[in-house]
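Listed below are the structures to be examined.
In the two assemblies presented below, subunit A is common to both, partnered first by subunit B and then by subunit C.
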Partner chain A sequence: MLKKALIGAAAATALMAGQAQAQFSDNKIKIGVLTDLSGTYSDLAGKGAVVAAQMAVEDFGGKVNGVPVEIVSADHQNKADIASSIARKWYDAEQVDAIAELVTTAAAVAVREVSKEKGKIDLVSGAASTPLTNDKCSPTGFHWTYDTYALANGTANAVVKNGGKTWYFLTADYAFGHNLQAQTERVVKANGGEVKGAVRHPFPNSDFSSFLLQAQSSGAQIIGLANAGADTINAIKQAKEFGITQGGQSLAGLLVFITDVHSLGLETAQGMQLTTGYYWNRDDETRAWSKRWSARMDGKMPSMVHAGTYSAVIHYLKGLAAAKTDEGVKVADQMRALPIKDASGFAVNGKIRADGRMVHDMYLAQVKKPAEAKGPWDYYNVLRTIPGDEAYQPLSESTCSLVKK
Partner chain B sequence: MMTLFGIPTAALFGQLLLGLINGAFYAMLSLGLALIFGLLNIINFSHGAQYMMGAFIAWLSLTYLGANYWVALAVAPVVVAVFGIILERTMLSRLYKLDHLYGLLLTFGLALIIEGFFRQLYGISGMPYAVPKELAGGWNLGFMYLPIYRAWVVVASLLLCLGTWLLIEKTKLGAYLRAATENPALVQAFGINVPVMITLTYGFGVALAAFAGVLAAPIYSVNPLMGSNLIITVFAVVVIGGMGSIMGSVLTGFMLGLLEGLTKVIYPEAASTVIFMVMVIVLLIKPAGLFGKGA
Partner chain C sequence: MTSHQMTSAARPAPSRQAIFIGILLVLALAAPFATYPVFLMKGLCFALFAAAFNLLLGYVGLLSFGHAMFFGWSAYITAHAAKEWGLTPEIAVLLGALCAAALGAVVGWLAIRRQGIYFAMITLALAQLMYFVALQAPFTHGEDGIQGVPRGRLFGLIDLSDTLNMYYFVLGVFVLALFFLHRVINSPFGQVLKAIRDNEPRAISLGYQVERYKLIAFVISAGLAGLAGSVKSLVFQLASLADVHWHASGEVVLMTLLGGVGTIFGPTAGAYLVVTIQNFFASAGSWVTIIQGSIFVVCVLAFRAGIVGVFVPFLKKRGIDA
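Up next is the complex of A and B:
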């Protein structure tokens, strides 16, 4: 009798345990890092983002409520069609529960559509454009690291207040460049500045001399670079060559990553102001995390996209643990409710809004002079911390349908 | 102020000069391509990668050996030429009797491998390379500020193109080369070692690309994809000029640089497409190219 009861109890326990685990479909949590592993953004995102996601899983203990977590990764080559077909394959055939990183707006938007349809989580870190938290917003979609609105707010505000009233734009001729220029123009005009003109250059483009000359003859005080990656690097390098900065005009890099500064060298990049969501050498916490990342990445230092990927993935794992299920909408609700804090020191004063925007403090930084740098990758002086609510688009302006007005 | 196309003439002169400078790169690269195609019948798709190698060797020798720009300008073409010669001997030489397509595919694959190799080692963002001190600064020409380095690029490129042209058109070696292009079997029968000549030609063509790469290092971002961004345009230049025509490719290089420069002022959005529009028109009217012979 006792034996029977014991067996029954054991069976019941096993069943209950089975049920508790069954909340996580297929007894496994899989996070896909979908990024540019070979193209123009592979340094600022790429392999470093995969490493950051792996670190998040390890720091969380490798398991959520006893269920193992696995990271998979793929190269979307910055193409929307490739990104969405990988996302479909991952969700439909490979039991992936969430997709992280997603540099390049077109790829991020394509994956956003698929995730929304399947009720899965996406954690956008690398893409910059604001539609992700406006008309493309989703109940299971998050925009973590930065966006064009915050970049424009940070850099353009500071520059106009320092007397840079007249602007001329060099704009990459695709969605991101147009979006960044529009956001920056808005800030310039709101602060009483004037836009003297703009030239749209092909993307990608290697010779900027012609466009720089046009900017020079416009007489504008500030030349705003509404582009990214190699385009920004080439434009800055050639502006120095053509004596633009010696001639009294200044450059404002509207999206500059630490990897770009590394590529330019301090000699060329010094003095430039920029807005970033993360700087590895800001405090003890950021240094400690970045050094761990660096040890796995041949001594490089993380960009804001890398730290943002770590922060987003570990917060997703916390959301899973709290929700006790991998159902997208429930996990997303928990993620919105939980405080955001992690070892990378990324999300200072972080909170997630109804439109999926993770609002956190941004930093206005200035590139150091070569003599000021104390070691490799010691590139920025943080001039000002921009509180999240000031940096990001106010929720009242969002066109996201999830925002109750 | 006088205007032309709605642009002040002074600004227009500036833009034309810049176009000429970009044309210098097109000319140097298309010259190498034309040379290789003329003698080897190979469409060298790894030309862009070899140009990138030139720039990277400049950066590597500066960073690890402390060798300055001038040393790099001499050494990089030699190193890349040796690399090219090895490629030619071990792989390309097996393809001469086959269709162009095979050479194109092989060199395209090689380009991807070379770029992937550099990307794996050095990432994608590129490396800093400063303008050499002797050529830093610039002149104020009144209508524009001309960096001394850009002037040097045009001069170096013109000298190089002229030198190559003289070598091929006016020397005995050049005469052998041209003869071997026309009829390799006959030239071989006269006791000239045609295979060696072919190998050296490939080495020389590739060295031209590396030289252009070193010239480009101080002004463009030195990154693994710098060549593949440029090479498509350069192929269009070669097609417009006429495959295998040396003078044609040089002249077309400069001309299209000018045209692109003009487009950058009048309608910048089309700057990357204008060369291809010209290519389409030229192919329709003169399929062998502006300076090509026969079809």
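Up next is the complex of A and C:
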């Protein structure tokens, strides 16, 4: 059976792509989606990212130069050690050619190390931290969807310019939280704002009462939430219960996904400003793709991580087709050279830089009032499009060793 | 706790024992050609960890619920030494194990003053303390852990980044450590430990300084647990919070009990069983713990002496000490 299939595949490949098929090891392209399938980030990434990757493969025709493409997935439970051992197993024993999604900085960095060592491609979508394109950069590693630098440039800029001059941070106590706080402080200070202090909470956390009280007593105008997913949702809900928002302080969610807004409800989330790499209801193209995704995800709408995973996977497939090999470095070179354009409408003006950063337009959005929403998941007013070069860290500031200076 | 197979002093006929060990060794040497080597190495690391733990539980009767602190901290120290200081793997591993033994001396000195549940609670409390130190100390990098640890060259010669070389290095460490444990258990020192386990007041009345024996056993156990952690950090090139977390302390208890407490090969069998479950059911995510728990319940109900423990009388009759 297997033998027959292999011969069939080989014959088909030979017909379609001439000599090229010999370059694809084991006559199969396997893409692993490694994500949080059960924990804090399972809503904003999770199963939706697996579905997005499958859609990318289907939209590409299921084959690259006649070689079939397969998606596998696993749950890294947001832990570096689990992510690292799954990645190792996939590359060593299961012929996986690339790993996509990778929410949670710790997990992404762990996989980045393994991928770099093995010369395989990683397509980071969910993780946010800038080290991925600085000192942890790799010739075969890509950071696709957003990063803390762009988030801070979007949200913090807007908040400070609206008069939020004094800040206090509620920070998730791991690399991502520290990184997001540092990036936001940079923007706040550059705009003449003041940072009054910060408190770190464990990750993941459910009871924010003591941290919120410290933030309240700091007297800062803005409480910056340098966390994500369920942590942000819990912090915002509990801040409302404590009367912090009613008391004149405002919360700035520094990383808010549309799935978080959905969980909070417009009543609680209205008026909040946020930076996103994707909004499903932005134009006809994004709406069309998102509705296809939505049909497979019980009517939910995609977060930027989902759309980013789709965009990254389909671009990887294009890179494979152009390189005519699954050798990591060669595919990565093709991916850098090819224009980025796909059906999700994700990467507007997208380009990949030497440090692995996929630079594209970001959006500063404001959450609608309940009365403004025209339907389910109609949550954002896009206030401003931030051009990619303004949103992301300039290449000249990157500490990545691959950037020629 | 007192079952006949542990206290039996009868020496097995060396020939059959030698054949048995020989078969196991050949299997271990051939295994990486049939199975994924990293999986085998993970199993060996946990097997050594469980064997170290077994020395305390099986032969001194002390249930430590904080062994993860030795396992995890030695991993951090080895990883830091190999990555930041550029030490060769054998020195980094030794340093990790020595630090774990030193930590064991301090923790043991405090903990062995109590028995039973109090002993377990003291070790758990100290392990939690060390966990939070690991969470906050800058050199451990918190949730990220120390990543990208170089495996380096053993004695400056053998390249351990080659998976097979690494496997045989881990296997060598494991075999030596198990042999060492075997010698400790069957030495006069080991006999005193068993006497303390079976009846502490009697051992005292015979003139043994029980606390000193317990402390030495604790330090050996901590050092070997540390050795396992050190090697693991080189295998996965990563030292993370998962290894210092109390889950790891719980897991090693599970492994030892599943495999058969107070047997030489029991912890190894238990470790491989648990690692296989984790590997096999990895896609089930958080269900893994529930599956593990159910298997544990079944084992406790069906064969209390553990997997290897069940076969011990059978093997013993044929002159094999398992």
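As a convention for this text, the second predicted complex is superposed on the first by the 386 of 405 C-alpha atoms of A that agree within 3 Å, B and C clash if a C-alpha of one lies under 4 Å from a C-alpha of the other, contacts with A are read in each partner's own complex, and residues count from 1 in each chain.
Here is the rule we use: a residue touches a chain if its C-beta (ideal position, glycine included) is under 8 Å from a C-beta of that chain, and two chains touch if they have at least 3 such contacts.
Bear in mind that the values here come from a model prediction, so they are computed numbers and not experimental data.
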Touched partner set for A:Ser38, first subunit B, second subunit C, both or neither: both
Superposed model, subunit A: greater residue contact from subunit B or subunit C: B
Touched partner set for A:Ala80, first subunit B, second subunit C, both or neither: second
Contacts of A:Asp173 with subunit B and subunit C, given as first, second, both or neither: both
Partner chain in contact with A:Val109 - subunit B first, subunit C second, else both or neither: second
First (subunit B), second (subunit C), both or neither touched by A:Ser25: neither
Contacts of A:Arg88 with subunit B and subunit C, given as first, second, both or neither: second
Where subunit A meets both subunit C and subunit B, residue numbers: 38, 173
Residues of subunit C defined as touching subunit A within the complex: 36, 38-39, 42, 135, 141-145, 147-148, 163, 236-238, 240, 242-243, 282-283, 285-286
Subunit A-touching residues of subunit B, taken from the complex the two chains share: 11, 14-15, 18-19, 21-22, 116, 119, 123-128, 130-131, 138, 144-145, 147, 149-150, 218-221, 223, 225-226, 229-230, 261, 264-265, 268-269, 271-273
In the complex with subunit C, residue positions of subunit A that touch it: 37-38, 73-75, 77, 79-82, 84-86, 88-89, 92-93, 105-106, 109-110, 113, 173-175, 203
Footprint of subunit B on subunit A - complex, ascending: 38-44, 46, 173, 199-202, 204-207, 209-211, 213-214, 216-217, 229-230, 233-234, 237-238, 241-243, 247, 259-260, 262-265, 267-268, 300
